[in-house]
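Structures given as structure tokens follow.
Next come two complexes, and both contain subunit A; in the first it sits with subunit B, in the second with subunit C.
And now, the complex of A and B:
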């Protein structure tokens, strides 16, 4: 079976190389024919610039798209040297004067492709070939800390929109020849560059071929952000849980690469996709490793607690108020009863109103500039919070419950997971309102069954809980001291499990 | 061929524990007390010993046919037509077990939690959840069983709290009811301990050497027997014999009697956790039954048949709705279980030894 798959893969590769040799007319020996062809092919776009230079015994035409190139570079490195060149005999003459990455090409379609990529074409009169000089220049955002994934301590750099810079940020951290990059071009119209990064001899080979297979089968006009790619290659799209980790942090990416996971980077997107991941990967943050291990473990447990609060608290409250108020102890019954008594709505409606209000505030707040954002804060916090209670619409206790729920759903250091929690909450609430505790238990079981079933690229999603691997608790649910983590987590099935041997040998030496 | 469905020996332990521990958990001390009075706990220990004997028989049978389920063994040993009939009976028996789970669960919820909700609603909820899990392959069901076993710990701790008010004098005089009565009491525990028969079907899917499998089922049996004994002792020591006579769910009454600062009705928490155990029992039986039906139809995958089996189980559960029919049904299931699950494998084993039929060409690890 495996052999068969491999052969299939090879066939695919062969086909691919065939495709890259673009068919199309060869370059004409008449320069003007070439120029008209290019103009027509680019639909006489206004930013196409053609400059002809007559110098000595030959004429050259410089063709480039001005919005893509570094014009100073062209002036200094192409035009000026050309003027100094007195005679032209063969290709070598040009190559020696231009100190830039230059290739000569003989195919017009290829030349046009290069042109769109920001290269400058150089035609010489009566010669049936062209030079393609790399003069790309793209404006890059500076490297800043991603605003959605801030850490207190640790590195403060983040990915930006340029693929090259992003790969550089990772390579800078892993000075190892085993770090392998594979490029794909995805999107029939956009030809977006996608990079697959993995540690050779560490990442599971089956995993890599499987990802390559899935990427190769993508047939779409364009992929815009990386989430397009995510949806096209993930296992189950109908699951509320994200099956790939989105991160803008190079340090997080690096750590995952060294656990044997695979990273996908898409050009023009500042997020890296990490796969395969487990549920607990979403609850880890570089902060855990930057602080002492007691704290790191404590943070992780607090985050996991936040999951159960964000999902379960409103439904628990609804179930208690609507069905099982006898669960409450005597001292608590009075305050709860007095606050609930005069509310016109059933608890489910009350909770829905408040939670949807919070979703509204959040959606409104995301896209507003910070100056107006304050207004939202005041309207949301003061008016809705306080006034809604004094108007007698919502009970005090419900407000407390909703507030804790809202805060809990933002504790998780991943926006996708936070979104899933916000969605899962609603079926729980409905179940609690119809069946009380029994409904909650059934909802819980269905989610749990789903988590048991879910797989991310052949890795059980809820590992190390199902299947149970106690040894993997060390760096998933807990965060033990670094020197205890001798083995990598098993879930990405790395080729080498051992990650370190005893790093604290000096302890033994001291005893002697 | 079966690689997708194999489970580890650790998973086997929890699969069997979760199949056994289920509906009968809450009423076990009461059912036993009715017969063997203060010696109920000895009855359950003896039941455990019997289970161990049967497990060894199952294991011997499995060792002779390492890759075959009971459904595949039957036609080989007793002929094709009779074998098919027996396969059907087995599958039907397991379906009856799952309807028993549904019936007891539905009625308990009606009494304790949802007085006004029609019983078919709660039953259908469990059936839907069960079908969702039952359709998955064995490995996922086993994973689920392993995970929810953590909740047994909560039950253990909750019951442990009762020991501060326990009066162990209620357990005395020891063994006074007579050994015959104690043995009769053991028979009452059948419904509670049934579930180890799952090994007949999932035994061939377990990885590893045959000895390890025996070890795994022994651990499961030891755990379940001790857990039940613990529950029985706890309720015997907590309630006086007079009280025991009138409370059909002693464990719940016991839990209900103490409260914490934040939770007043602890029994609701207990029931919520118990429901998870019930679901696993239901699903595990569902899986076993639909595997049987799949074998009957010569299909490799059980998934297709899960909804039908669950539907039949639900229909039976919905028709048996009054006290008399439930009593009759319980008796029927217990006795049928005794014959089919306990004694037939013994006969099969004997036939296999006498006719020297065994699976050949398969490496017995």
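And now, the complex of A and C:
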């Protein structure tokens, strides 16, 4: 059944491409007419190569775009066999000689299209059809560990810019016929290939139809990186929180697929989009599962703590210094007071200056080569940090607060979430400077209401906290031992909730 | 245009936020200790100590200077306003740690001058009140070694005394409840300046009757006993008692014991005749921490010591009871119990008059359970 379905889908795909190419002239029987048509259609582009071979009783023309093809392959698998072919009677002759994926086509527009895709066209004199041979070759980056998602233990491969390779990396991990791929072509001009991956009997069917519906409605000239796609299909674009998980790690992608989530891959992008996701998925890292569960749980809790630190610490400091210093313990108040005593700025401005400086250092550092990047780190971090205090512009305590804030915002394993934390902190600071603790509470309320209301493709974003489902804490806020996680999380509404029965049955046998 | 308007509002928020109602730490002068005295002309002499730090530049080599400012006024608030005009920054009592009250003022209704603290929601309710023998301003003006701030000195010393069960943890919040309670009184530390005026020492507990200082205080040993009877023990409660009467060397005659575990039973009974009796039974498990005579290994010695100590300590307890009844200070909260268990009897009582007359019978039972690592 599953196999059948899959095949059917592939057929659909083929039909689709056929249908789009129905318009256009048929192949002429005169070979030169065909060649002129192609040249005109490709605007006499310089990398179009045409090679004619006269051999025996027939003449062939090999047409390809040299920047897209594997020339060695053409030489070995097309030209050499052709020379050995002495006579040409019908299509089968060519097909047997050429050991590559070969389609014969009769439509010139389609032929041109194949050419653009990196195929080689083979025209035979006086025949009104052509062969399209798959000779694509793209220079691919080697599979390396993604620099933004490094792990200590575990697989060190990452997605690259080729869709085929990326799907292969996933298929390699899930040897299951249920893993289904659906292709879409998005972008009127670029026709970028987008792949939708899911586990057939696991992922929610409503979810898949919804995603298909949303992708189908995209009408744009081009989508560049996957973030275009993300913005075009996500629920709330104006939310500061990302509603899809970006990852470059195949292992993370695989784990999410098996939780019943859906993966979107865009050609030429090394990032997989995972959806639907919850707030807490951004605080999970493959490292949690690679280490012992005590550590995994501990780090998860530390990361969640880092959220409140990164968002709340500067505002808390502002509120204390500007409004409620009576909450400071007796022993702390004098050191803090003496450090802020001679600062010319109000606390809000002081915090803003420092936080914006940190953002500047970070922005400057990202785009610089690593050798200069270090200089930025030293100048920015050490020189500014030290000088700003000794000049009496910023207080020591403020510097500590800003440093802790900056560090905590980098703890999150996902860069988008860390970005949104950096943004959210500013309204918090403003509110703290206007109303003190009450302002912070207001801001937290607004954020909490927003998180509770937010949905990612129909699943609650703040699950398992709202709606509360304590059993799902096991693998969201905590990371219990693997054998405790018998059920998948409920938030993507998988078709089967159970993911394992007792894996440690051997323990019982030993007792007997 | 609409967007521009919002942007303008946001910008205003950014630069003007909190301008009118912020209470910045750097603009305030924190009073850490205050002293209040009654002058002979009936006016209040108020002083506060403000620790200041001079900017030592880099490296955090800040120096602490303590500034003590005093003012004479009719009320504490007026005095604070006067002080406010003398200091830089606004007077702030939210970090007050010690509240020193001169003896003469304490004998008046102290609620009158504490009112300003209870009215202000920012008041540090954990500030500790203490009665000072003579003038409190002399204590706050004390020059300590190394320029230590007086509140730090007093708080640290009170905390160590709390471990020794000499001082209780009474603060201005807890005394407020007791001030309003007719069936309970409070005791706060009684501090005395040394003769050469270089140190201050806690001499015991000042006994209050209602809102007024009775003028009498318990000594240090009596304070410990009082706390034990109140069922409050710090980390340690030590007594040094004379148990042997051989002439010399006199050090040989004493034993020092520490209360390890204690049990207190306080029973208030109202007899049919209306007579009120309170029985306080203390069961103390002791640890000998000093006994140069050293015969603890012998079987007869320990029961003998138990008996002697029980007798001595019961005597001590009786003195304490006598003293607090004389001062009309119901520190043990016996009135509270009568209100709770015998409300009808309470209605007929005039506690002011009747409290000193009731029978409070203490009994102390001592049991030595350990004696250190030597015999």
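One rule holds for everything that comes next: the second predicted complex is superposed on the first by the 491 of 512 C-alpha atoms of A that agree within 3 Å, B and C clash if a C-alpha of one lies under 4 Å from a C-alpha of the other, contacts with A are read in each partner's own complex, and residues count from 1 in each chain.
Everything below uses one rule, namely that a residue touches a chain if its C-beta (ideal position, glycine included) is under 8 Å from a C-beta of that chain, and two chains touch if they have at least 3 such contacts.
This one's a predicted model, so the numbers in the text were calculated from it and none came from an experiment.
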Which superposed partner A:296 touches (first subunit B, second subunit C, both, neither): neither
Which of subunit B and subunit C A:326 touches, first, second, both or neither: both
First, second, both or neither for A:430, with subunit B first and subunit C second: second
Touched partner set for A:441, first subunit B, second subunit C, both or neither: first
Subunit B versus subunit C as contact partner of A:465, first or second or both or neither: first
First, second, both or neither for A:449, with subunit B first and subunit C second: first
Contacts of A:336 with subunit B and subunit C, given as first, second, both or neither: second
Partner chain in contact with A:276 - subunit B first, subunit C second, else both or neither: neither
Overlap of the subunit B and subunit C footprints on subunit A, listed as residue numbers: 326, 328, 330, 435-436
Subunit A contact footprint on subunit B (complex, rising order): 10-11, 109, 113-114, 117, 121-122, 125-126, 129, 132-133, 136, 140, 143-144, 146-148, 259, 261-265, 268, 271-272, 275-276, 279
Complex interface listing, subunit A residues touching subunit C: 320-323, 325-326, 328, 330, 333-334, 336-338, 340-343, 346-348, 389-390, 392, 396, 430, 433-436
Subunit B contact footprint on subunit A (complex, rising order): 324, 326-330, 332, 435-438, 440-442, 445-446, 448-449, 452-453, 460, 462, 465-468
Subunit A contact footprint on subunit C (complex, rising order): 13-14, 17-18, 22-26, 28, 30, 32, 51, 53, 55, 57-58, 60, 62, 64, 94-95, 97, 122, 124, 155
